[in-house]
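Think of it as A, B, C and D in the order they're written, each chain with its own count starting at 1.
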Amino acid sequence: MSDLNYKSWNEECAVVGVYNIQDASNIAYYSLFAMQHRGQEASGISTSDNKKLFITKNKGLVTEVFNKEILCNLKGNNAIGHNRYATAGEDSSADAQPVFANYDLGQVAIVHNGNITNAKEIKDELIKEGAIFQSHMDTEVLIHLIAKSKQQTLTDRLKETIPKLKGAFCFIILSRTKMFVIRDRNAFRPLSLGEITNKDGTKGYIVASETCAFDLVGATHIRDVEAGEMLVFDKQKIQSHIIMQEDPYPCVFEYVYFARPDSKVFGRLVYDIRKSMGMELAKENPVDADIVIPVPDSGVAAALGYSKQSGIPFELGIIRNHYVGRTFIEPTQEIRELKVRLKLNPIKEIIKDKKIIVIDDSIVRGTTSKQIVKILRDCGAKEIHMKISSPPTISPCYYGVDTPTKSELISANMSNDEVCKYIGANSLSFLSLEGLKNSIGDGNYKFCQACFDGKYIV
Amino acid sequence: MSDLNYKSWNEECAVVGVYNIQDASNIAYYSLFAMQHRGQEASGISTSDNKKLFITKNKGLVTEVFNKEILCNLKGNNAIGHNRYATAGEDSSADAQPVFANYDLGQVAIVHNGNITNAKEIKDELIKEGAIFQSHMDTEVLIHLIAKSKQQTLTDRLKETIPKLKGAFCFIILSRTKMFVIRDRNAFRPLSLGEITNKDGTKGYIVASETCAFDLVGATHIRDVEAGEMLVFDKQKIQSHIIMQEDPYPCVFEYVYFARPDSKVFGRLVYDIRKSMGMELAKENPVDADIVIPVPDSGVAAALGYSKQSGIPFELGIIRNHYVGRTFIEPTQEIRELKVRLKLNPIKEIIKDKKIIVIDDSIVRGTTSKQIVKILRDCGAKEIHMKISSPPTISPCYYGVDTPTKSELISANMSNDEVCKYIGANSLSFLSLEGLKNSIGDGNYKFCQACFDGKYIV
Amino acid sequence: MSDLNYKSWNEECAVVGVYNIQDASNIAYYSLFAMQHRGQEASGISTSDNKKLFITKNKGLVTEVFNKEILCNLKGNNAIGHNRYATAGEDSSADAQPVFANYDLGQVAIVHNGNITNAKEIKDELIKEGAIFQSHMDTEVLIHLIAKSKQQTLTDRLKETIPKLKGAFCFIILSRTKMFVIRDRNAFRPLSLGEITNKDGTKGYIVASETCAFDLVGATHIRDVEAGEMLVFDKQKIQSHIIMQEDPYPCVFEYVYFARPDSKVFGRLVYDIRKSMGMELAKENPVDADIVIPVPDSGVAAALGYSKQSGIPFELGIIRNHYVGRTFIEPTQEIRELKVRLKLNPIKEIIKDKKIIVIDDSIVRGTTSKQIVKILRDCGAKEIHMKISSPPTISPCYYGVDTPTKSELISANMSNDEVCKYIGANSLSFLSLEGLKNSIGDGNYKFCQACFDGKYIV
Amino acid sequence: MSDLNYKSWNEECAVVGVYNIQDASNIAYYSLFAMQHRGQEASGISTSDNKKLFITKNKGLVTEVFNKEILCNLKGNNAIGHNRYATAGEDSSADAQPVFANYDLGQVAIVHNGNITNAKEIKDELIKEGAIFQSHMDTEVLIHLIAKSKQQTLTDRLKETIPKLKGAFCFIILSRTKMFVIRDRNAFRPLSLGEITNKDGTKGYIVASETCAFDLVGATHIRDVEAGEMLVFDKQKIQSHIIMQEDPYPCVFEYVYFARPDSKVFGRLVYDIRKSMGMELAKENPVDADIVIPVPDSGVAAALGYSKQSGIPFELGIIRNHYVGRTFIEPTQEIRELKVRLKLNPIKEIIKDKKIIVIDDSIVRGTTSKQIVKILRDCGAKEIHMKISSPPTISPCYYGVDTPTKSELISANMSNDEVCKYIGANSLSFLSLEGLKNSIGDGNYKFCQACFDGKYIV
């Protein structure tokens, strides 16, 4: 996808929870750093020292929001953290997480990713009953529900209220002494559990959106949190409650684009699956060409797979400049058309006079693909065959991915031939739904692929 | 007071409301700038363009929080603003104002100064009913009350709920098309109404804690908002509702210390009253001396009055360095005892061998006075007579002033002689309660002076 | 002067030198902080630990340029420092001091204030001989001269080269083990010597533009550096060399405006002299009026003197807002004419219907005075008598003060009556040259007053 | 090399010159952005509008030093720019480029990369003659020489003085109306010439260290600047002068590590050569293995080549986190040993139980290689064969590369077997000098490879 327009398709937020590990804020910090790719708009950490909660959140990258002093002030052995890729909002600074609240049972801080599909209805109902909402985050809905519940304990309140929420979500909730981890009934979004052995021999736990966080902090991946499961961490033990029961339909787009290739998501290594997608793509869409090149970094693994399957040599024909930040000065009129080159520079010597297969993970609006084809043409490519390692994206996502509306999705509005013409390629092919299934190679392929087939689970 | 320890006695917050003036955010900005002395911790502005609300708030001085671009994005002709001097809190960044909320009637933004004395009870009650509180600010209490009210309009809801609040407060509330301005039943905190004639001949309005804001933006002071009054601004008209009726007891400490000398507060010029206080002090406490010097800047007006009354020459014997900011590096051990000199430098040539009357506005903990006496002694003063232009501060304030607890108020725990000995002066005298009354010279002296006499209105 | 246009008349730079005092960088830092009023554009400190030199300099206030870590890295017991008020230049960031250089005898760092009147000639000569200049600072001239000198020691080189320089200057030069302090032959700019007794009983020394620096760091003022004197500090001793001999003609404008009132300059307390100027002004220019008010802060001492002499009451009729910083957002068209009010707010209740004497220290272009008269008129003043506690400024300064050119000096181009009409006052009077002399009251009045009489010493 | 310790081996600085292109500062900015990999410590641009020079330089990345306003103030159609990777120095902020100077012919600004090997001697000589040096940059040497030259024009002075300089260097010099571009006699460092056709049909020119800059701004690569050539750009024409004549010996390390893979350096595409190096490495050092993985990003191209030649599958077995910045918080003791993981995360699922060939471009101190081997071992690698796509680095570079001293170069002090043991690999092999030559495949292989064979050209 390699989208130059960061706003067009928001990456998933990242969540992390740490329980009973010394200097929990540090562990949360490194975990969020490892998952920076899931959200660069804002970052926050809340900790508890079993007596009270501490919180710091702000706009910016993890490394910008925190410093030694701030982490040091986030006291305690339990922590939760969040990376956010904000959607538009009047005051997006108010939308950083964790969300903190005082309520009748004390204090809570909550982080959350995904999307609660019935949030608006519940919110409207709550507002009708006199509730107030101070941000644009669905997280507030849950806090209201638990605050209004008549159950005696937070555990019971969560058991009662969480099942009322529909959609894709992971919640990590910190009270003064406990931590609660919840994954939605369909397990749309990934959430894994790891452990660390403390120096004193006790066990510490970490829960994170992606296992790459475990690698960085030296934790061992135990298992994923289950669909509909709530884990309750307290000093004595971890308890597992299945509070909702439905079939899991994890989001296949995590494999396509979101997750880091070095993460194990839904029990499988992302890198492997992306390679398989490339291999399937090669089987389905053979074409005579001189080289296979990826759109970096999103298309690299699939391109390696395509090359392996097809025998056509893999080349790094486009180089990515990693110094592009959010403060970059927009090019003036004179060089505006070269905007894509700020990030991606094709190597003319590799491209020239070649028949080229270009691999990207997906096409959203088509504008970036169009620009990529153009810069390759300018380099003298003889033929450009754009191959996408996933099916055409034809439906928006309602489960936490900030996709454009249907009217903006190019494949929802044009045939493949039209898209091909629009982007200017010699040919364009997508992986088939069957091919996608084969790539994952699971006998019991059960994924949410609504963005590709329009069939929403809920 | 000239307190080096900024945390010991928080200045009052500043509020401003602007209605029907082009680029309202600019007017709010300059008004907040004029009232920067009432709070330097955080600043915020919310505007409405009759369609929706915009908000920006952050830590820092007015000139640090805002820039041209930010002001420009705060669209519309209505605005409210706030300067905050934070009290301690886990996450004080969450405590900036305005507070924004979505509720059943739409959107509101609220700014607020003062202190709601029954906030905790109402809050506890609300929490019991399932409400959640996301900050440490009493402002949330009002939002909950209006959200829960069954009245049909915001006007009616405010009429219903505001009278439930006790204490000292000013509220300015912005909805998408209206602005509401409310002053508590005892009119503890100052709040004045001004007007501007727009270019097109229409009237624009501004409400602010101090009239110095009007001077800067070129508005005319019309009158003060009345005790228990609610002003409702909408496109057609301004309506006044008296929603609570009690005798006004404005805070006398505004005259003593808080307000800028060039503001008219409670109908009287602060500078005049401070001079009168100094004159009364001279009548009550004559002493043979060579010169009268103020502790700058807080004691200047009273010292001028003392000099005028006593005939003893006024001298600027202590010079204040105005470059002291919040980022100042703490002195090392070697020069720590000179800490007070970072801000205040006595002029040895003026002080030496003189009998000196030093005028300050009040004594809180006594530590600063002690340091001032010491640096004057070091300059060779023959006698140091510390004279305070208000009575001894013996009781904490519950109406919006973040005073130390009683145990920290030196005059609540020591006799005048003991305080005099502690600070090391040759003599120490305070203005009497009678003298304070005379200074204000009002036939019907009715002020809250609980900090001086312990008699709380409510 | 209270100039809103900071660029119109640059304040003098500040210099400080510290020798044999532990953590010399801290002492330099506090000294520069005390002298911040002499330059706010840039600040720098260089230290030596007897082995090598360290340096940090940057744009901004002292408190912005330095922090604990930076001061800590400026190792050693000797230090020099500088506050700069930059003149216009292509790359003013290159113009911060100290200036550092490697030359044939090793390393030096130099700070310098004032103005070398023959710098251009020497520079042209040096350039003709092949020298290069990397900044706009005259300091480079001296470094070139000492680098080219054939003398064996830096002491001898300074003895040889300094006398070639004309004009007003103070130099403080740090080598790896020594510190050199030089004042020009006419002692135009102030430079005082102080001492501190170290814990181990040894003496430490400090040299600074103003004695207010000594007050802050707890040093004792010993004496001023003499006209044409060079002090050489080394481990064993301080040596004094008179390297140039001429009559001293210190700059009288230090008394009028530059120096802090709490500094002793040229052996006299600035505050005292300013008061005398006000008294002389009252003798020379009596007028019937109700009150005397100063333009704060520059006119306060003179206004006190005027009031004392005339018996007309002193009032703080204009309040200054000290939060004005360099980042202030310019007012929009709507309130542009109120620009002066950002800094100065007149108190209407004091001004209205009064005959007012306004005291300022000087008039440069007349634009600020005009604005002040206007805002006082707007407050309803009956009569406004502008009285200036110095003679008309008719000639530019060539000795370190960045005055406007003659064509911009209003009194150089208009009669007093014309100036009075321009600024809109009822009357305008200046202190006479005779009155200036009397204010300083020195039997042997010998000051450079070229800005007032056009008679340049050199 | 993928060095975690940024200080161990400084990347080369980048230089750019722009002549006769509208908004030259923008072109310089984008060019420096494209060459950010050659220096991240400081950045600067100087421009001329044919009347005078403008300059801005500061610490930080290109995107941090400049913004729209700054670029806008850098007026004119000619510009030079520089990215710097600083060596240690007392005041490295003084060491940013361009260096600006006034001298007898007017104003110049100079940028420079590389290293003048006889700088110290010339500098000592100049100092003996009375010159002063204000920074640690060799650039000052050239300015002194041209300032002292007796030739009438800058062109003639450069012709006279440049040949006195030895070593590796590129200079770009801006005067008010001309630009001069010079490459050393051995053409050690790359420097290419490109052109842009302006809207009005005139030609504009750009000179840059790497051609990737041309790609970004849409310029066409014409040719490289020749060894010993000086190009003089003025309004009428470009003139070429060969001012020194010797055989070119370009730096082979540009191919090994410095240059971006998408740059054409010394007439050849870097990516191609790196692939060839990998292929040669495979021919020289076959080993039985399951996969070939690169150390990203430096080893990717060579690993592709190795895989191609050997037929052993290429895998991205280590993922690089590109969010690592200079402000990263150092890990606490608990996870310190995982430091390398902040940047590099191995994929356990790919590594486990495999025989692995790891490709990196070079080994300097060996510490990073040791850490990489360790994290691969921790993933369960069966065998780890470290293969380096260049010969052992045994000698420091004197031509502009800030290499460690010989005592720090592990291969200068240990045999291959010892190094292999130190880093903990199963085997370690380097490309031979012969293999290096073959990779470049040039019949007339003439490169400086002193770092590999110790034979210095000069």
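We adopt the following convention: a residue touches a chain if its C-beta (ideal position, glycine included) is under 8 Å from a C-beta of that chain, and two chains touch if they have at least 3 such contacts.
As the structure is a prediction and not an experimental result, all values here were calculated from the model.
Asks: Figure out the least number of contact steps between subunit B and subunit D, where 1 means they touch directly.
Replies: 2
Asks: Enumerate, in label order, the chains that touch subunit B and subunit C alike.
Replies: Chains touching both subunit B and subunit C: none.
Asks: Name whichever of C-D and A-D has more C-beta pairs touching across its two chains.
Replies: A-D
Asks: So the centre of each chain is just the mean of its C-alpha atoms; given that, what is the distance between subunit A and subunit C in Å?
Replies: About 60 Å separates the centre of subunit A from that of subunit C.
Asks: Please work out the Cα centroid separation of subunit C and subunit D, and write it as a whole number of Å.
Replies: Measuring from centre to centre gives 47 Å for this pair.
Asks: Centroid of subunit A to centroid of subunit D, CA atoms only: how many Å?
Replies: 36
Asks: For subunit A, what residues touch not just one other chain but two or more?
Replies: If we look for residues of subunit A contacting two or more partner chains, we find none.
Asks: Let me make sure I understand the interfaces: which chain pairs count as touching?
Replies: A-B, A-D, B-C, C-D
Asks: Provide the residue numbers of subunit A that touch subunit B in the complex, in ascending order.
Replies: Contacts found on subunit A: 52-56, 58, 90-91, 93-94, 99-104, 127-128, 130-134, 140, 143-144, 147-149.
Asks: In their shared complex, at which residues does subunit B touch subunit C?
Replies: 22-23, 26, 29-30, 33-34, 36-37, 61-64, 66-68, 71, 212, 215-218, 260-262, 264, 269, 271-272, 300-301, 304, 308, 313-316, 319, 321-323, 325, 327-329, 331-332, 334-335, 338, 341-342, 345-350
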